[in-house]
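Same chain, two partners: chain A is paired with chain B first, then with chain C.
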Partner chain A sequence: MGVAEVFTEFGDIYLQSVLSTWLMTAVCFAGGLLLGIVATVMRVSPLKPLRVVGDVYVQLFRNIPTVSLLVIFVYALPYLGATLPYRTCLIACVILIVSAFASENFMSGINAIGVGQIEAARSIGLSFTQIIRHVVIPQSLRTTVLPMTNLLIATLLTTAMGSQVPLKPPELTGMVNYVNSRSVAGISAFVVSAICYAGTSVVLGFLGNLLDKKVRIIR
Partner chain B sequence: MSANVVSMRDALYEAPGPKTRRRVKIGTAVSIVALIALLAFVIRQFYINDQLNPRYWSFFARWTTWRFLLTGFLGTLRVAFTAGIIAMALGLLLMLGRISSVKPLSAVCHVITDLFRSLPSLLLIYFFFLVIPKYGLKMPSFWMITVPVALAASGVLAEVFRAGVNAVPKGQTEAAMSLGMTHGKIMAKIVLPQALRIVVPSLISQLVVVVKDTTVAYVVSYPDLMQNARVLISNYDALVSMYFVVALIYIAINYATNRFSIYLAHRSGTKVISRTEENPV
Partner chain C sequence: MAEEYAGPIIQMRHVDKHFGQLHVLKDINLEVAKGEVVVLIGPSGSGKSTLCRTINRLETIDSGEILFQGVKLPEEGKELAALRAEIGMVFQSFNLFAHKTILDNVTMGPVEVLHRPRKEAEAEAMELLARVGVAEQAAKVPAQLSGGQQQRVAIARSLAMHPKAMLFDEPTSALDPEMINEVLDVMVELARQGMTMVVVTHEMNFARRVANRVVFMADGQIVEQNTPDEFFDHPQSERAKDFLDSIKGH
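Presenting the complex of A and B:
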């Protein structure tokens, strides 16, 4: 079966699966950024317990394999009184993992600013909120464009874990399984999925680079 | 690195006055109470669903349980180290090809590097598990998990190596050229020995990604830690405790590996280059 035949027979569901992969990537990345911001605020807050929890949270979800977290969500949580749909489990897992890496990116963006700038800002009379708003946030956002682009691509690749649970429509990696169990597609389904992943990554990488060139701070 | 983190965190705040100190104290107390409440809620969920029942945990006191998990862990290590070594060799070759002056070779290596970096390792695993056998090539399950994991890592490692080569000052290459050394000799004698030393911590931290990728070995039914845990789950009929323990084992291994690579980087004055810091695809 050639690539063209895969398209005529599975074209519709393939389109749905590309869209579902893109949508999940977008949702997981946005959710991961938001949760990452929360974790980062905790980690730089003056309250010691929150700092510790933020640090532990990031280390936990940075180091846990996605499958290990996914099986806990899908198979263990129902025993603990929380049964979630498969897609919700997957999205929640990816968000948790992405947020840990996002927080690491934010932290290194903040650390790159340098203590001297904060001291300088304080000595010209800026208040705490002003320092955060005018010195810390703009600079740390600008230095994290490239790492965040890589994180977005990593998010796209992590959604492949969706192939481990029944999803409807399946995402791109699950499609290889789906097509292969219904016909003798051989290599074609793999090639189509691979092109979709690689094409998306290249576009995202290109856009990220473009944005990075615009806003990068030359130190 | 951690010293830097703390100083930057603390630099954000002025030395607190009496009012602020009081507020920090109240905030600390409130957050501790909130954390205890959260913890209590989790334990309560375990308790009311009967997951704290000793029959779900007592088998962890038996040596046979750990021996079986250890066998699986050795399987994980075998896959991870084999894949790591293949990925290093392949990554080095891809990098050397990419920076070579032969244009077609450089272009091909560039494309292969970016391709491996932009495909999920699971897709590659399915390729070796579902597609390759259809063309009549029978592989043992060990290689069906090891090869795709190695391929996925090789793309990232090629970029890590390239960052290492770029970190060697250009002046050294120029000095070697003025001494009349050939390109190959400069690479082998001057640049690579230094570049490899620079990337050692990054290579070790990349092992974390490899270990994470091996956890789907059950797809090809290779007995790694996760797969053996699944066997124990059906033997003991204890799912929740086993999945949590296995997750903690993975976290501990990966955390230790990360700390070790940061320690090495700190000692040699280099930086850990991870996927997030290199150029996007």
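Presenting the complex of A and C:
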């Protein structure tokens, strides 16, 4: 069965799986960014316990394979009385891991700001939270568009971990299993999914470059 | 404060500070009166910048005390931020907010700290920018300005807070020679208008012209202090004589 037949036979559900992948990518990336900001604020806060918690958090989720975390969520959490839907497990895992990498990106953005601007902000009387809000976060976001674009693409590819749990509708990689178990079009389905991933990544990369040019801070 | 505070604006009493093994401030005692311009000079590493930075607690001290308008500097938090809002600070490296326009650099303090309406803050910011001669740059970002222009914006940013005193930490040391005067002119004007100023600088002409008092530091100590004419023409200590000899011709 060729690529064309895959479309005629599974077109509808394929479309759903593309949307499923896109939606999960968006949710996971947005959640990861937010949590990454929280972790980063903790890591630069004046309170040592907060800094330690932030650092441990990032080390933990940056260094654990997604599949291990997913196993914990799916198989271990029920022992603790928390049985979450498969999709929730997957999204939570990806968010945790993305947030750790996002925080590392933010930290590099913060290092680029330079202590002088922070001192200037302090000396006009801005509080810690105001400095974070008005100086640190906007500059850090605007200097890390390119690494964040990389992270967005990585998020997209990490949602493929959804193929390891039953999702309805499946995402792009799970879709390959779905097709493969119903017809002999495994290779074709792989090709279609790969094209969807690659196409999305190329578009995201292009948009990331555009955004970077627009918001990059002239230094 | 209901009543106008009449005593010295800045008082430092027996201030000591170490950077690790290095004793950078040794028993510093200094008072700055309202409207006074005090210039700190001395060889590099003498502790003059550190002294300047302790006054708004960008550097902490190990012992002794620093009072601003008769009140001891708060340790941290809201009180410290409120105090810093009353003390202007101008840095060697300008330190403008790179992501903000010139206008927004000047309005950030008034809007966020003093909670002034944006329109009002912008109008005053434009006046201040005009006063330091960079009004036509208001819509640009810092990197598009020359060093001298950036430093003048930094002064306007401080002035927008209506500070009770201003600290200048080597404000012209990072500037190309032809831009030094445009910044010094603004500072001279400020001094004339009665601003209380503590200035760390290597600009001896400025010190002679503007300072009420020159404080000479070496090895973390205040070695001598005097009026500029007395200090430059009749230095008392060997350290000061050596220092003045070493910079002759500059």
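Basically, the second predicted complex is superposed on the first by the 201 of 219 C-alpha atoms of A that agree within 3 Å, B and C clash if a C-alpha of one lies under 4 Å from a C-alpha of the other, contacts with A are read in each partner's own complex, and residues count from 1 in each chain.
Going forward, a residue touches a chain if its C-beta (ideal position, glycine included) is under 8 Å from a C-beta of that chain, and two chains touch if they have at least 3 such contacts.
Treat the numbers as computed from the prediction; the structure is a model and nothing was measured.
When the shared chain is aligned, chain C comes close enough to touch A:G125, but chain B does not. Within the superposed three-chain model, A:H134 lies in touch with chain C and out of touch with chain B [touch as defined at top].
In the superposed pair of complexes, A:V27 makes contact with neither chain B nor chain C. For chain A, the partner with contacts to more residues, out of chain B and chain C, is B.
Within the superposed three-chain model, A:I217 lies in touch with chain C and out of touch with chain B [touch as defined at top].
Of the two partner chains placed by the overlay, only chain C lies in contact with A:R142; chain B stays clear of it. Shared-chain residue A:V38: touches no atom of chain B or chain C. Touched by chain B in one complex and by chain C in the other are residues 46, 113-114, 119, 122 of chain A. The touching residues of chain B, counted against chain A in their complex, run 4-5, 7-9, 11-14, 16, 24, 27-28, 31-32, 35, 45-46, 48-49, 51, 114-115, 117-123, 126-127, 130-131, 134-135, 208, 211-212, 215-216, 219, 226, 239-240, 243-244, 246-247, 250-251, 254-255, 258, 275-281.
Those residues of chain C whose C-beta lies close enough to touch chain A in the complex are 56, 58, 76, 78, 81-89, 91, 93-99, 108-109, 112-113, 141, 143-144, 154, 157-158, 161.
By the touch rule above, chain A contacts chain C in their complex via residues 46, 113-114, 116-117, 119-127, 130, 134-135, 138-139, 142, 217-219.
Contact residues of chain A toward chain B in the complex are 43-44, 46-51, 53, 59-60, 62-69, 71-72, 75-76, 79-82, 101, 104-105, 107, 110-111, 113-115, 118-119, 122, 128, 131-132, 136, 146-147, 149-151, 153-154, 157-158, 160-161, 163-164, 172-173, 176-177, 180, 184, 186-187, 190, 193-194, 197-198, 200-202, 204-205, 208-209.
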